[in-house]
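Scrolling down, you'll hit the structures one after another.
In the two complexes that follow, chain A is the common piece, with chain B as its partner first and chain C second.
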Partner chain A sequence: MAGVLDLLVIGAGLTGLFAAYTAARAGLRVRVVARGAGSTHWHAGTIDLLGYLPNGQDAVANWAQALPELPPAHPYRLLGVDAIAQALDQFQRLVAAAGLPYVRAGGGMAFTASSPPEDRNLQENDPAEQFDDPRLGQNGALISPVGAARPVYLAPAAQQAGNLEDDRPLLIAGLDGMPDFYPALIAENLQRQGRLARSASLPLDQLTERRDRSPLHLARLLDRPAAQALLTEMVVNAAAPGERVGLPAVLGLNDHARLLEKIDRALAARDPDTAQTPDRRGACAAVFEIPTLPPSLPGLRLDTALRARLDRLGVRVEIGMEVCGFHATGRRIHWIETETGSRPLRHTARNYLLATGGILGGGIHGDRCGHVKETVFDLPLTAPQTRAQWLRPLFLDKRGHPVFRAGVSVDHRFLPLDRSGAPVYDNLWAAGAVLAHTDPIRERSREGIAISTGCAAANAVVRGQQL
Partner chain B sequence: MPATSLNAVGLSLNDCIKCNICTSYCPVSQVTDSFPGPKYAAPQSERFRDFGHPFYADDAGPISRTLAAGRMPDASVDFCSGCRVCNEVCPTGVRIAEINARARARIAAARGLSLRNRLLGRNELLARVGSIAPGLANFLLHNPLSRRLADALFGVAEKAPLPRWHNETLNRWLSRTRAQRLRSQQKVVYFHGCATQYYEPFVGIAAILVLEHLGYEVIVPPQNCCGLPMLSNGEFSAAEGYHRRNVARLIEFVNAGYPIIGTSTSCTLTLKEEAPELLDLENDADVRALKLATWDIFEWLRDRLDQGRLPSDLRPLHQSDRPFILPYHAPCQLRAHRIGKPALDLLARIPGLDLRESHARCCGIAGTYGYKTEKYQIAMDVGAELFDYVAAQSAASDREAAGSLSFTACDSETCRWQLEHGTGIPSRHPIELLAAACGLYDLQARRPADAN
Partner chain C sequence: MKRMQTEILVIGGGATGTGVAWDAALRGFRTVLVEKRDLTHGTTGRYHGLLHSGARYVLKDAASAVECISENRILRRTHTHCIEDTSGFFVVAPEDEDDYPDRFAAACRRLDVPCTEIPPGAALRREPLLNPRISRVFELPDAAADSFLATHATAQGARQAGATLLPYHELTRLHLSGGDGNRAVSAATVLDTVSGRELRIDADLVINAAGAWSGWVAALAGVEVKMILGKGVMLATNARLTNTVINRCKMPGDGDILVPIHTVSVIGTTDVQVADPENLSIEQWEVDLMLTEGDKLVPGLSRSRILRAWAGVRPLYQETQPAGEPAPAAGDPRSNGLPAQDSPQYSRDATRALALLNHRQRDGLRGLITITGGKWTTFRLMAESAVDAACGQLGVSRPCRTAHTPVPGVEQGHYWLGHRLNEVEEENLQSELICECELVTRSMLEGAAQRNPTVTLDDLRRDVRLGMGPCQGGFCTYRAVGILHSLRAGKALPAAAEWNVAHMQSPAHHHRDDTGPAPADDSRRRSAAVDPRASVSQPNLLLRDFLQERWKGVAPILWGQQLRQERLDELIYLSILNADHLPVDDEESPLSSFFRSDSSPSTSNL
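On to the complex of A and B.
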């Protein structure tokens, strides 16, 4: 144990892991503790910045331009466009270095990172490219698991060809007997939006005998070359010339890029005449993944990439640890305690970052009597305190539900504030879905909030350490 | 017939948000079609087994009923190895592995237990009988013919890594060396468990040497098996008897304020949590006191370290200047303690040690699981992730033409046997490495350094 930790991050979702990465890369000694695996596991794996404004009906075309329309206390307003773009830039470098490249939805790109591993560190330190891009902030539209248009900012290569600005006809191909993916429904919804789309069902029994097929089992199966060859053949047989094919996002856990490439090449080889013309970014694929119900492979791949990077930076991520207490005097937290099989375990650090998520992630708990609580430090929350005000009568109400906006108010350094507007502690920071004045589910801003606030809070910790 | 009540274990199923993260990580469900995975086997099915019905969660408080009552769990739950990887990753704290353990107990209570499972559950008895004549016992157990017979007659996998009796039990070593043992005002109690007593007394010796080196007198009171093998095979009433006997024997030391320290991660976990929770003994004051007094040895050493009370006279583990590469696997039994990986913090202080942490989920053996004929291959497939990791470390070390891989390290005995079986490389308890770094222990021969 060479000295005390500079930063203990609580929470292992995208917020916590990206914040840990930011701080560790700046040279801080960092550790992550979390009750369980992060909610990255049940998200689509895209980076959504801002899909809808509060009370807005239409999808946001450009989040950078829409920022001024957000309420002044919104985390994005605390940050500003430049800080958000910078955080995204860091994120893109990180995932590219990990072999899981992300670009703007509809940007088009090759399935695999083109650079060999030795170059990856270099790449991670390259100067920023995003700022002079005239299309900064431009959302794309991808296909949701039920066939609706989904406003997305950055997407992994595997999802790029599903871009709805592209007018090539669509074949949505499901796997017969795979629960939780509905090709006919998706195609029907796409037709309703005036797109050329049809569905097909590929026989799954040639691939596996198993009846309970979770996306993950299928993905592991499809990491095998034999299964990849079989699926490629089935897809080629099902697709008509000129069609692009959407498949459930189960195309492999470690090797999905290779399978996508195989299918893409097989389709091009069969129809050399109609083969896709590469666009200016390089490739314009004819096959793509559509996210499924959880467990979400695109989310899992993202989690794996982040964890591998943290491992190399010497950051330990300890999961299965639930915070059960803490000790503070005045405005300083001295330690937190996590629950164990016996006595509580003490963790000491100079700074603490709360990245436990909102109601869904477990950072905020609502009980039957209508009390809403921040689960670790019992921080003051902005929340409707009677149960009747939590929810609107309609589940799918476009305005979202008030309780989901509950959260911790912070200042521009991301220190949680008390009711008088002063920091509750001098060494406690907060980021991600636990923050107030945003409803990431309704806004479609989950990952944007996670990355930008996680990065900002970590940077604030780094600056504090340098003083 | 034992009764269980709806306690925190059963109620926790109501927190399940169906995210399927547990299914993503369950190592068994990944390699076999016989097990549908944690979400399906535990929170989802338990709801229909009466116990977990949300109706029971409300007003009236815990409901007790005999184990066999309620609807019968599907037999596939027997394929859950109990590794608890699911508990670790579940974001809402569902006690999946415990729900499965209770389901197995319900099956065992209703349908009875196979002779094989009864035998595996009583490994202490077997071990004690064998230790009367270790040479003979080793011959009887380990010759190819009896392994084949055991496979055919009882379903004990022919190739699984069964342990060998040591020619001297820990107790006999203790009485033989009584005169050399340290007396001190500072005392700790050592819980050795069956495997250390009969098969690997040298692990206990290493622990005692280190503790004495730090100035503590080590008390080793009479004790019996922690009962875990019975718990995992669903024999709850027998396990309760074992646990109550241990509590009766240890409580006077607990009340005197001595820590109960163990080197077997599964024994200490059973004393801390498994027995109290699964057997519904959490309200028993003595059981609770023992739970709170029990430590994994590295958890306890790390606590000394945090208080600045560990001497730092550690020396390199070997003489040459080549790096000593050590792949370390934190067994799931240790991870289930939720204390992090304390051995890493201590071993990191050994000069020249190139410590490599495996992130493999499980070695596969899971206590008695991998010894069962029908589960042997599953256990080996689960373990492949870890074996491959170890192999990769030695390949890397060859390339650098520097250190070679002479050992792996792991805190749990059955995992070490499985690791050796799967990799062909000898495995050591971290306490053996620490004892060697203190100059007290011969890592190769597994005996005190000054022994001849």
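On to the complex of A and C.
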């Protein structure tokens, strides 16, 4: 059985890709199949751990300390702080190695966009040392594209200088005619929250003759050195000494770090006196990205980085394969079938990981009669009984809408459970937004749930294989 | 308190009130119209968009049928661009009674409603999704009408004739003068709901065109007008299912009209008598009934993606009220969800003909006329009757001119579905799009915001169809808030160029050299523009209100793909924008509580 897969992951979002990485690094033979590209590229590219508690008005300052306030069945409660922190540590190592470093959004400024990833010492960090870190679990506050404070734990290095704990004045600089970024609105809302902020709009005519102002088009454009030089000059002209500059997250698809570094250096060269030197690494970043509406460049970059690492580990990620059937006897799944262009394709593996997401990702479907179904294996779900119980009258109700908490209940190994509390199958695992007892969007825990449960489920599979 | 003086004061900014202002101004009366919210906020903006041929009423309500066919012919001339010439089919489904079609055809002939029977096969070739089991098909001159655009066009016609229209001015008091036997309405106090200031308007005559709110207005003058309020629920699908208006050829009932309007099809309606036009709940049985009945017209309609549900309320009036139907038997789905204290009544049997109440004859009260009942299709005729009566009270004789005076924009010809896409492609405007679903460009949005007060984004939705497509505001809400914020923070507007209301529908308007006819005189130009710095609400409030307004209409139909779409909207507004933690303090717009209270009670017991 040398050719048999140890783990077949269904779903190519952050959960599925990170679980595949975790299992493959442990030496398992892994493959990913998915209907579509996952929802990573819809999101802001940050790693949100827990921004708000159910019913909570104020942002969670430290997610690690807030875990006991979550309901007992919440996935984080199954894991505990240490397991979550370990998964995040693994994640940081992965993206740093892929050239897309992620840093703590809150607290100090140890890592900046301009410091190369190999300087970061992440690979050699002793995990135990990290867990003694007094800042463990401490959320930062980054600027949303409407000027609200987003509670974020880890941010792409490109976003970190937007941390609102920093009291340097802000210049929010937009690109003329871009429909998805409104610098004056962002600045006004920051002012209303007591920040020093102003806005500017940079002319795009010099950069491109095309009228297309979509994030993807602009990002591709800004991968070019000539466009990078022009934008650098415009930012330097617009920024006052001592100001940090927030730009829409369109600063390149493949090369945004270089552009950020160019702008940082140009600003530092112009104002050598005001350039701050808060840490051992020299100039502090003065420019940062603010995420935009989908499609999100930070999300696309994350997706690309994860897939590149999986590629190096020999893990194939097959998109365009929707699961259309499976075969199981007793408590064992033998194979699944996917739709392909010509005929159904059969996939056999020792273990299967369900990472198809929730209602947004397509892993869960609610129909008109009020039935909520898991779409691949029709697993038993924890869900409201009738459609009348799905929603609340106010869209922005802090408690969220009950239907979006629908999901699969799992045990501490992340095996889906039936109504009696026993595993449905011995070789089927579940992770990410398909899990019950959490509303990751309302909690701002989307990426935290994805990374920590994906990692935990993969580790459970690895342990099972070693037995 | 500020004061103004006018000859005719119109209460209500729906199709009827706007039509009255247009008619009165064309006859040379100094005219002021007050509307408590935005133009078309009431029933006019909440109907399915059917321009009746009258055929629906030939056997049940001949007076209404005759009014409809006559007005149908007139509106095609005066409001051409607000009408899509879809034609209409009356189809006999297997469930329908046998003798109705023949009686129907005979009645159409008798009442001069043009009716042609066509073979079912020919009808199916034109509308392939129609139920193949239909046995007979009649074609009639029904059509689809854009009631938002039509009202705006009428309003512009009224303004050009000198009328003053005051949206967001709520009537709070009618002033009576004279003693017994000589009582008269002489003035009104209105509240500017945006600024909070009061205004007294002295008027020779007040015309009550407040639709479902008419009884309330009449009560301010101490007279009783007992309205029958018939709530109708409608659903919009995410695509057009037919290009022809489809009616069931049977006695009018629930869910038997399917209207293609712009990019969607609307199935309607229910008819349930309600007490309060402000709080219209949408019950699950009503949604289910629309889908079940819709399947009889287009099999599979119930499985198509439903974008939205909404309810309007018909302002029906009969001087002698029909007896209510007996209470539904146990097990009737209608008995669910109705307030227990009310005896359920259905208003299907009340006449759709217009009702003119001349309170001088009826109640011995001069200076007040109520015009109500009727249909959207007959709004012009209602206005004509009301202003005729006004002439009588004022002792003057001035003929009505509306039947022969086109409103601005008719030169465009009938609306057609590809209109916006054609302009976007011809002028290469893809990158200007703010709402990809409905092809709304930035300049359309800015133009509308500069011509109409924007208390909520919902006002712009009615103007340009913002947020009416599949994502229900997912992307455009944020963009519109950003654009309006720039307008609000921007410089004062230059004197507005002449603005044809049809430009609100035209993506290419600002990209063409010829911007329409030569400007009229200065005072009229000024009145055509509003200063967005003063009239646009605080941006965070715009955002919060519109998200809730959209939610109100999607909550009753969220399942399947539309539920998934809503989750994407949550991702955008909660996770990316963190819009539920924006500084809004305790601010409220005049509509904040309306958007909250209008949501479905089936979801409110959590």
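Heads up, the rule we're going with is that the second predicted complex is superposed on the first by the 434 of 467 C-alpha atoms of A that agree within 3 Å, B and C clash if a C-alpha of one lies under 4 Å from a C-alpha of the other, contacts with A are read in each partner's own complex, and residues count from 1 in each chain.
By our rule, contacts are C-beta pairs under 8 Å (C-beta built on N, C-alpha and C of every residue); 3 or more make two chains touch, one makes a residue touch a chain.
Computed from a predicted model, the values in this text were never measured in an experiment.
By the document's definition of touching, of the two partners only chain C reaches A:366; chain B does not. Using the contact criterion defined above for the overlaid structures, shared-chain residue A:216 touches chain B, although it does not reach chain C.
By the touch criterion defined above, A:391 reaches chain C but does not reach chain B. Of the two partner chains, chain B is the only one touched by A:322; chain C is not. Shared-chain residue A:295: touches chain B; no touch with chain C. Comparing chain C and chain B on the residues of chain A they touch gives the larger count to C.
Of the two partner chains, chain C is the only one touched by A:145; chain B is not.
Of the two partner chains, chain C is the only one that A:192 touches; chain B does not reach it.
Once the two complexes are laid over each other on the shared chain, residue contacts for A:42 go to chain B and to chain C alike. In the superposition on the C-alpha atoms of chain A, the part of chain A touched by chain B in one complex and by chain C in the other spans residues 39, 42, 210, 212, 214, 294, 360, 362.
Residues of chain C touching chain A in their complex: 284, 291, 302, 428, 430-434, 442, 475, 478-479, 481-483, 485-486, 489, 539-540, 543-544, 547-548, 550-551, 555, 558-560, 563-564, 567-568, 570-583, 596, 599-600, 602-606.
For chain A in complex with chain C, the touching residues are 39, 42-44, 48, 59, 144-151, 177, 179-182, 184-185, 188-189, 192-193, 210-214, 291, 293-294, 296, 358-360, 362, 365-368, 370, 387-396, 398, 402-404, 441-442, 444, 446. Those residues of chain A that touch chain B in the complex are listed here as 1, 35-39, 41-42, 209-210, 212, 214, 216-217, 220, 294-295, 300, 311, 316, 318-322, 338-343, 345-346, 360-362. In the complex of the two chains, the chain B residues touching chain A come out as 17-21, 23-25, 29-30, 33, 36-37, 40, 87-93, 269, 272-273, 291-292, 294-295, 305-306, 335-341, 345, 348, 359.
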